[in-house]
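Take a look at the structures below.
Note that chain A is present in both complexes that follow, paired respectively with chain B and with chain C.
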Partner chain A sequence: MAAFSLRRFRAMLVKESLQIARDPSTMLIAFVLPLLLLFIFGYGVNLDTARTRVGVAVADGGEAAQSLAGAFAASPFFDVTPARTTAPLKDLLVADRIRGIIVIPQDFGAQVAKGGGDVQVITDGSLPNTASFVAAYAEGVRQNWAAARAGDRGGAAAETIVIASRFWFNPELSSRFFLVPGSIAIVMTMIGTLLTALVIAREWERGTMEAIMATPVGMAEFLATKVVPYFFLGLASMALCTVVGILLFGVPFRGSPFALLLIGSAFLVPALGQGLLISAAFKSQFVASQVALLSAFLPAMLLSGFLYEIPSMPRAIQWVTYLVPVRYLIPPLQTVFLAGDLWGMFLRHIAIMLGFGAVLFALAARANRRRVA
Partner chain B sequence: MSGRLRAIIVKELLAAVRDPAARLILIVPPLMQLFLFGFAATLEVRNVEIGVLDRDGGAYSQELIQRIAGSPNVAGIVRLASERELADAIDGRRVIAALAFGPDFSADVAAHRPAIVQAVYDGRRSNAAQILSSYIERIAGEYGAELRPRRATGGQTIVRHWFNPNLSFLWFNMPALIVVIGAVSSMAVVAQSVARERELGTFDQLMVSPLRLHEILIGKMLAPLIVGFANATIYAALIPTVFGVPLTGSIALFYFALTFYLLALVGVGMLVSTLSYTQQQAFLGSFLVSVPAIMLSGFSAPVDNMPGWLQTIALANPPTHFLPILEGIFLKAMPPGEVLRRTWPMIIIATLSLGGAAYLFRLRME
Partner chain C sequence: MESVASARRVTKRFAASAPPALDGIDIEIVAGKMTGLVGPDGAGKTTLIRLLAGLMDADAGEVCALGRPATAADRSAIGYMPQRFGLYEDLAVIENLDLYANLRGLPRSERADSFAKLLEFTDLARFQDRLAGKLSGGMKQKLGLACALVRTPKLLLLDEPGVGVDPVSRRELWAMVRSLTEDGIAVLWSTAYLDEAEKCDTVYLLNEGRMLHAGPPQVMTGKVEGRIVRLAVAAESRRRTLERALDDEAVADGMIQGSAIRLMLRERAEPPSPAGLGVVDAIYEPVSPRFEDAFVDALGGGAPASSALARAYRTIPASDAPAIEARGLTKRFGAFTAADDIRFTVPRGQIFGLLGPNGAGKSTTFKMLCGLLKPSVGTGSVAGHDLRTAAADARQSLGYMAQKFSLYGDLSVRQNLDFFSGVYGLTGARQRAAIERVTEVFHLERYLKDNAIALPLGYKQRLALACAVMHEPPVLFLDEPTSGVDPIVRREFWTHINGLVDKGVAVLVTTHFMDEAEYCDRIALIYRAREIAIGTPDELKARAGAVEATMEDAFIALIEASDAERGREAAAGGRPPRPGEDM
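Entry: the complex of A and B
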């Protein structure tokens, strides 16, 4: 193989950059996908539940039951469909029109008079998150109502143990705040791994790879020209995500831009290496795209800890997460946005990502050399 | 069936399964995704470490710490010696939450004054932090109620979760996966199959062959439909047997709704492919469509939580209609009337998108 020539490298780099700039789909992924993701995460993926539709069945016409039903109707968390029996509400529950049924039984007033007064809550377990929300808030409404009634008769007891909760870095618990770093991870994965895998597979599929091999361009130069433009494209769309996240969605940025640049650059190394490796192993665009989706995009969504907590996963899957580079991107990204510069943590994660990158590049270089020889 | 139609169908099926790597890609990833999604995608919080700064050291704080440590969601307690150590433990993500007991905690409990525990959570993981805080409040509330039973609020809330008594995320995830993976793979296969011919120049050959446009389109639709049916059937067989999620509804209704779901997806994929000249464009285009399609389906977050205008947009999204059908058929024994009510929007989407794709192809021909 010829020695690395800067002149050839520059010529190839110009060719590659022009090709990227001319293909609308590349620009779509680099600049439209980040905006789309931020937009969806900002508006569509809202885990902060607003009002939930529930049915309230009051079988007791007495004062206590009516007053409790009134408390449910007045609650800001519920949108109440009233009924006298549970039967019609059950159909609504099956039809997804309501997410829960609160049953105030026939003898409720009598029980309250005796110091009791049980309420039944039926939730739609097919949506587990909403179901626990309905159960918890229904219990809250009943307790407040009971406490207020006890207060009417004198002597409401205060809580014995009070938990004073504070949420650092994100006091309002806005889910947008953790979704922006997540979208950066997804976009950089797509650009680093998927686009790189596609472009090299395309050269093989169209037969232009042989044409390149017949030129004086060496494998090192060829791979470098495939990697460098996407590296900068990845950083550009990270910058776009950051600016839009801060300006449009009000996500705080408490660290330094320099730290963000280092973290992003460090992640692009394994991402690009993975793309090169995939394209060297599979020469068809369809297969390369599906493998990239499976080995890069899905882990970024599922195994990175950005949407789903890693400690909550089964042990075997937790072990798998140690092998995906994006796992080491999420904690420093979230920290640089929400907490500030914590160099000890940053450097440790950056080192791990670079380590993955070195291994993947070595593997990709070996796989490519074998084919050229 | 005309001879021409049969010929193109045979050709398309051969093209889909000829390449061994591509053949594997149609079967293996969907299965891997089933297992990965099934077990990884949980919003429960388990195995977390909680920091404790106990300046009290009294019996009451010890008991509360023991109860929190004993919760099935908590893996262990990390003892912290100072505010500084507490801040470091949260910053460095050693713990997701930390509880600080003041020196008067036990004295306050004994004297029937409200005893305050400071709880600090890592808001970088706001969702997990919020779920964890509800666990901790519940434990503290129960302990407080035991210490000093309150009068007059003797009633209880008796909760029953229908359709999924243990609120298992697996039960929700598994039917949803048929929707999600179906969307990703069907759209990619359709978009790719047209774009590949176009990139290699063989699409023009198809156009000048005696094949009529609708025959080419039917041929192109068939392979993804078969792949979609095969994957959905494998899932529907594995989900009740391997994962233990009940299938309470009717299989016939499942296939009925599935047919129109796949047709709608194929229609959308065709539209993407009419707009793409290369495989890369087709692939990235279908990705750009399928990601929002999944996000707006109600899989990641309930559709009810979205703003009204976005809920209206989501009506044009096939997964938004199919997800409640599948959750209904698997968990709720959904009756035919309800399934039908949610199927007809998909029929409309399929008609419009397939019609639009045919129109655009014809436009290209002339």
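Entry: the complex of A and C
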């Protein structure tokens, strides 16, 4: 077999790039799918947990009581059903239509004037988590309201002790933060494994593989032209996810772009290797896509630890996750976004991913023989 | 003579249980000669070509190309065109050429010359920026050839280059390749068309992995020299006469040619007396043999005389309404007209042929008559049921055999028979009887439990026909029923068709075997969506000029006349013809 020829490599690379540019499905996976995933994870998943339905009974017609009721209505955590007395709200609570009742008592205005101002929170004890959530958040709203009010009135009245609460584990925001790195992992899996497996299977199906193999092209040149464009496509897609995540979803980016580039590149090595291996074994696009979805996409969703935490999985499944390369992508990815550059941890994970990649590429090179049958 | 590539006692097996795809094959491809590799589908042609191209390893024997083992040969000097041309459909013509030029290491200094020559040679210069996927079938073929030739090879391997294109393109392609041998290129041309074999310098005839003949085609045809005769008969009785003739001991093979029958006699046999066949005032005239005659002879003779299927078939009652009628069928897909004002009528008990290149509109016409496609304009009827008002009844009264394998591959033969008899409304004892009947007629007994996908091609086609006729429909639609099968199976099919027609069945058939068109009572020639000629085979041949013209000559003459007329229309201000738009 002739040595690696730069001219043939370049010719095949041009061909592959033209095909990518002209194939709408490739563009769809590389640039539309990431946006779709980000929007689903960014918006769809949040709305479920954010607003809890509660009733607010305002027995006091005074300014302070109305202002506090307004604060509840404006809270992003509550969906408020207002009432004058608690009676109708109790029925709603029993009927499971609301999760709690916040009672602003008749003398609330007077109490506030004296420097106090308690509210009563009635919750449904049969759902303890929700009950404590409602109680804690109701208290939070009241304290924030009180603090803001004190601030408005200036220093004189602000001598009361002000508790400034911060919701460190705000469930809404944290899920969004974690899901963006997760989307990147899924998209890179799709491009690295699924697209690569598909494009080679397509050459078999359309009979172009046969024609190509009858030319002096070497298997190394052929496989290299399948790897290089999709490597860059994967990185481009990662960049898109990152920019959209930061600009649109306000995800912090505390690490360096260089670290992100290294982490992403390291992961694409096993992802592409797996794609090549699948394509060597299955020469139909249909089978290749099935195998790629089962062996790459589903593990990326379920076993990588981005949707479901690995420590809470059964022990046997935890062991399985060690065999999934994408498992080693998620922690450094989340770290580079949320915490910063932790090079010790990055390098360890990068080394493991490259190790997987080396094994997969070796297997793929052995399996991709230059024979049609 | 210089041997460029060869195979010695080559054997290749794909499954341990199946018979070998190639069984001890020898072949020698010589510089400056056209070597033909001929045989029906499944004979082993593609396997042999792939071995020669170094794309496979043989189980036994040795394969050499350009003086080295084929898998280590200098690939830049081998041009290979696989069956599906190996073109990238999403690349433009010039981009495909460029790719193959780089892959084969064409020196840059020669690039401009080579491209200019090839584009002129293939007449693709005007289309160099068009995507390969948007070319017509014939143009794709030429581009595939150009890609294989981009750096002048010493060895050119062509896997069925003539398949699926119209006779005009086939002739052009043949002439192009023929001219290459004059430059000393060794060409291997593989084909299922036996008439192409006659024109090769040397022919290797493969059947079921074995070599039946190796040598000049004349040697093969010489074996049946003097045994082929032609007898003019009355058009109405030709099917009956052929049946009687095939019944005679002395006749090895026979077929219909317009209003005559053509017989091959057994060795040293006297032809049956015309009077005995019910023909008066006619004498046998000797005809020159064809390669196919010799092939049939080598396989031990042709078709059975009569069809067991037809004997058991019900007689279709006479009716005033035509069995099939197309009244101005037109189908437009957006701006593209796939079929334009197609009109014909088929009475009970006749065969009507639709002929035309791939993409001319035959299948579209078929689908409209089956009620699978709604005509944009016009209508038709099947067995008296109007397609607009009673499409379901129309479908129930026809048997349809699709061009591609359209049975359930994962179901067994028996399950397919059960299913198709069921969907056509057969139940209980009638269903069982119908299944038993076709099982016997088509010799499906030993395959009943096998999955349909695993059948040999001939049996797949038999099963498809069986599924179409179990409910004894008065109308049969056969879309390329004999595509790819060996000549023996083709004759068996035509015996069945002739027998059914005798029982009153009306048959609408498409074929790209020109000799099969001769079986038809009437033919419509479809070209670029229009019906350019309609008539009996003899009428069409007469319109082509020469008395001795073959159906293929007629076909080509009529197409050329149509192109010329369109050219005049365009000059007169009509719609300009756009070459290559017919696909």
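Keep this in mind: the second predicted complex is superposed on the first by the 243 of 373 C-alpha atoms of A that agree within 3 Å, B and C clash if a C-alpha of one lies under 4 Å from a C-alpha of the other, contacts with A are read in each partner's own complex, and residues count from 1 in each chain.
By our rule, a residue touches a chain if its C-beta (ideal position, glycine included) is under 8 Å from a C-beta of that chain, and two chains touch if they have at least 3 such contacts.
If you're wondering where the values come from, they're calculated on a predicted model, not measured in any experiment.
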Of chain B and chain C, the partner touching more residues of chain A is B
Can A:Arg7 be said to touch chain B (first), chain C (second), both, or neither? second
Once the shared chain is lined up, is A:Asp23 touching chain B (first), chain C (second), both, or neither of them? both
With both complexes overlaid on chain A, does A:Thr208 touch chain B (first), chain C (second), both or neither? second
One more residue to check, A:Ile122. First (chain B), second (chain C), both or neither? first
First, second, both or neither for A:Ile317, with chain B first and chain C second: first
Partner chain(s) touched by A:Ala131 [first = chain B, second = chain C, both, neither]: first
Could you tell me if A:Ala95 is touching chain B, chain C, both of them or neither one (first, second, both, neither)? first
In the superposed arrangement, what residues of chain A touch both chain B and chain C? 23, 206
Which stretch or stretches of chain B touch chain A in the complex? 19, 21-22, 25, 29, 32-33, 36-37, 39-48, 64, 75, 90-93, 109, 112, 114-130, 133-134, 136-137, 140-141, 143-145, 147-148, 150-165, 167-169, 171-172, 184, 188, 192, 196, 199, 276, 278-281, 283-285, 287-288, 291-292, 295-296, 300-302, 304-307, 310, 324, 327-328, 331-335, 338
List the residues on chain A that touch chain C in their complex, please. 1, 5, 7-8, 10-12, 14-15, 18-19, 22-23, 206-208, 210-217, 370-373
Chain B-touching residues of chain A, taken from the complex the two chains share: 23-26, 28-29, 32-33, 36-37, 40-41, 43-50, 52-53, 93-96, 99, 111-112, 115-132, 135-136, 138-139, 142-143, 146-147, 149-150, 153, 155, 157-171, 173-175, 177-178, 190, 198-199, 202, 206, 282, 284-287, 289-291, 293-294, 298, 302-303, 307-309, 311-314, 317, 331, 334-335, 338-339, 342, 344-345
Chain C residues touching chain A - in the complex, by the definition given at the top: 14, 50, 53-57, 72, 74-76, 78, 80-91, 95, 98-100, 102-105, 147, 157
